[in-house]
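Two complexes come next, and they have one chain in common, subunit A, joined by subunit B in the first and subunit C in the second.
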Partner chain A sequence: MSKLIGQRISKVYGGKEVLHGIDLELESGKIYGLIGRNGAGKTTLLSILTSQNPTTGGTITFDGEPVWENPKALAHLCFSRELNPVAGSSTSALKIKEYLRIAATFYPKWDKKMAEDLMREFALDEKKHISKLSKGMLSMVTIVVAMASKAEFTFMDEPVAGLDVVMREKFYQLLVEEFTETGRTFVISTHIIEEAADVFEEVIIVDQGKILMKENTQDLLERCWHVSGHEEEVDAAAAGLERHHEEHMGRSKGVMVMLQPGQKIPEHYDITIQKLSLQKVFTALCGEEA
Partner chain B sequence: MNEILTQEKSIYIQIKEMIENDILRDILREEERVPSTNELAKLYAINPATAAKGVNLLVDEEILYKKRGIGMFVAAGAKKLITGKRKEHFYDDYVRSLMMEAESLGITKKELIAMIERAEDSVSLFVEDKY
Partner chain C sequence: MDLVKRNLRYWSRTTLYNLMQTVLVSLVLVFFFVTGKSDFSGTEGILETSAALYPYYLILTGALVIMSVTTAFFQTYFFIFISLNSSRRGAVLGVMASTGGVILVIVTIGWVLWNLVPGEISESGRTLLPLITGALLAVGAAAISMGAVNARWGKKGVIVTVLLSMVLGGTLGLTIAMGADGIGGLLRKMMLSFAGIERYIVLLAGAVLYIAAGIFAMTITRKLEVRR
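Moving on to the complex of A and B:
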């Protein structure tokens, strides 16, 4: 069982701290979902965990060894970044073929056949220049690299951005297939929370440079409920419980209740209790300061 | 096993109920192997741990049993167990919510009984047909 552990990770960009002392422990054999609003620090965190970006403070270790500039530890990690097609960027002038060839030298367990199979499955033309690719094709190339890296810990930054819904479903299928066959760990950031929720064993919510929550997805969904009805009834039923995102309309009120172990929403109130999706839970937690 | 997943219930509960439904409908027969957690995970593109949670609930309820190294199987008597269990839950799932809704609408007990009798007439054909 390998572990990637980040302790007190902080990052300052141009005098502004964007990550504030993050502690994070990732275990092998899990699919993690990383969600957070724009600018929450997801990409910075992913790039720091994989040593593509130095920390300002804190440490990252893989099985006890520091990761920074440590080829032995880095051999187990892959961060397939979003590709930049803009002219003048380091990758834009490359053909897909050349980009994959470079990727192959980075990852010791590179699976050439898998890369070729996926290229075919995605109908990607290896002779195409990165600068000429559509948004969806750019995502596909990052997926090919992530999958074929065969890295024990693979990090993907919005792999489904730009993919149409059929391709997105195909991606989740592919991900689960690879996961069940290899047990590799995947950390996946996404804004399309709803359709990814069922794939994540654990969800990590990043908010304003901090980790707001890291929890088993199903456990989290089982303790979050939307309670609504007459304001007085809702207030009475939710008294003493953790509440988020209250909404009013006339006498009516809705609120998300987050139960702690052993807590229950009391019966005998004239209220509606509904299950929430991960997306709704996320909005309730992070949507306050729209 | 080809129902689709919804957002209304926990995924693992849906996996569990889908297997139960398949057993009730003889899509899965007693002493037959059920799809593995990984097969279910791939089919629905869900996390295998979630699929396993649903399957394990059925093992706990002795509806499925594990054959080491081979997989999960439908237990003998599973069908009866499921019907029995659903009967028990019938009170909580249907009768209680029926009563609560009736109360909030001011439907009297007499009216409710009359409605049940009316409903009985309209489904009795179906019930006789089935059992």
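Moving on to the complex of A and C:
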């Protein structure tokens, strides 16, 4: 089983540390969801894991081999990053055809037929300049590259940004089909958490340059509950439990509790206990300073 | 197949494209030169003169293509290559191989034509060929260095390279203008100055500059970040 391991990854931009000693281990055969607020460091982390940007400190290895500038390790990785259509950016002057031709050159397992099929399915015109594409079309091109690269570890940054709901559904279906068929590892960074939650086997939450949590999505959802009711009852029920994101409405109160193994919420209080969605859990964990 | 080989595969295609551009533009230039010149009463006829002159146009066009394409590569393609899994070193080696390939083909065409066609123009071409090769390698070295500086330092790098180009271009233009006999006069003067071993020293200097530029480009881009 292949592993991509990052140890004590740090990154400093203009004197400001944006990643703080991150340790992360990614195993093959999983779909990971990478979620975090804007500026949390998701894209920087993905860029560093795939040697697109250097670290300030720490190491990244693929099956024990350093990833940085190492063709042998890079052959297993693909980070299909967001395309920038703004004039003057590196990709804007290119046609889709040329972009895909470069991708086909550098990804050793490039699936030309898959790329052609997806281009047809997404109704993309390969002669179009990247600068002329809509936000949704730009996302489609990144999806084509990610899927057709056939890289063992594939990273996607906001792949559904700008896609309409039909195309988003199509993407998730494609992702699951490809995963089932090949067992490739996917790391998907997204802000549209609710839709994607079902396909994430594990969720990695990044907050302010740190990994806040890396856990099986189902396990996480089974230990996070929303407790609400009269303030005193809620406080008594949640005493001794890990609490996040307290909300007050008059004398009522709501709080997310995160249970540790062996913990339970006492049932004899006059409180309401509800399951939480991944988005709500994320908001509770990362939205406190908002 | 490792990334360096894949780089080369991509670049061989790009090299061919750049060569086609160079050959076509130079053919147009020589056509205009020949059609604009009515007096071919010398010992060589119109065909011989055109064939003997063609490599000079090819060399001039080649130098311009090398300069523009190589610097543009660092500005645009370099980041795309890295974002699509090329190593930085592999990308620099690719552009070096491609530029070197263009120079090699240009020089080979010159050598073949100047050996096939008799006359004074061809003779000067044959004499100056090592010098021309050295000069083209120096142009390639300048293009690689300036491109890498642009990629590494962005707008500041562009300003530096534009200023440098202005100084170099101005100096060259002034030299030609001061010669009063135009490029032809300059070539004749160069033939007299570089008839001996000096030609090969220039060739060697060009080759050394080219390799040094490659090492310089690899060094300053070794930690280059992919920008959006």
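Miscellaneous remarks
One rule holds in what follows: the second predicted complex is superposed on the first by the 290 of 290 C-alpha atoms of A that agree within 3 Å, B and C clash if a C-alpha of one lies under 4 Å from a C-alpha of the other, contacts with A are read in each partner's own complex, and residues count from 1 in each chain.
Here, a residue touches a chain if its C-beta (ideal position, glycine included) is under 8 Å from a C-beta of that chain, and two chains touch if they have at least 3 such contacts.
Being a predicted model, the structure only gives us computed values, none of them experimental.
In the three-chain model built by superposing on subunit A, subunit B fits alongside subunit C with no clash. Between the Cα centres of subunit B and subunit C, as seen from that of subunit A, there is an angle of 150°, stated in steps of 10. Contacts of A:180 after superposition on the shared chain: subunit B is touched, whereas subunit C is not.
Look at A:108: by the touch rule set out above, it reaches subunit C but stays clear of subunit B.
By the touch criterion stated above, A:169 is placed in contact with subunit B alone, subunit C being left untouched. Contact with subunit C, but none with subunit B, is seen for A:84 once the two complexes are overlaid on the shared chain. In the superposition on chain A, A:65 makes contact with neither subunit B nor subunit C.
In the superposition on chain A, A:270 makes contact with subunit B only, not with subunit C.
Of the two partner chains, subunit B is the only one that A:201 touches; subunit C does not reach it.
Looking at the shared chain after the overlay, A:221 reaches subunit B, while subunit C stays out of its contact range. More residues of subunit A are touched by C (comparison of subunit B with subunit C).
Once both structures are overlaid on their shared chain A, subunit B and subunit C have a minimum Cα-Cα separation of 27 Å.
No residue of subunit A is contacted both by subunit B in one complex and by subunit C in the other. The part of subunit B that touches subunit A in the complex is made up of residues 5, 7-12, 38, 41-42, 44-50, 53, 104.
Taken in their complex, subunit A has these residues touching subunit B: 30-31, 169, 172-173, 175-177, 179-180, 194, 198-201, 217-218, 221-222, 270, 275, 277. Remark: subunit A residues 47, 50-54, 69-72, 74-75, 77-79, 81-82, 84, 89-91, 93-94, 99, 101-103, 105-108, 145 touch subunit C in the complex. Contact residues on subunit C toward subunit A in their complex (touch as defined above): 1-4, 6-7, 9-10, 75-90, 222-223, 225-228.
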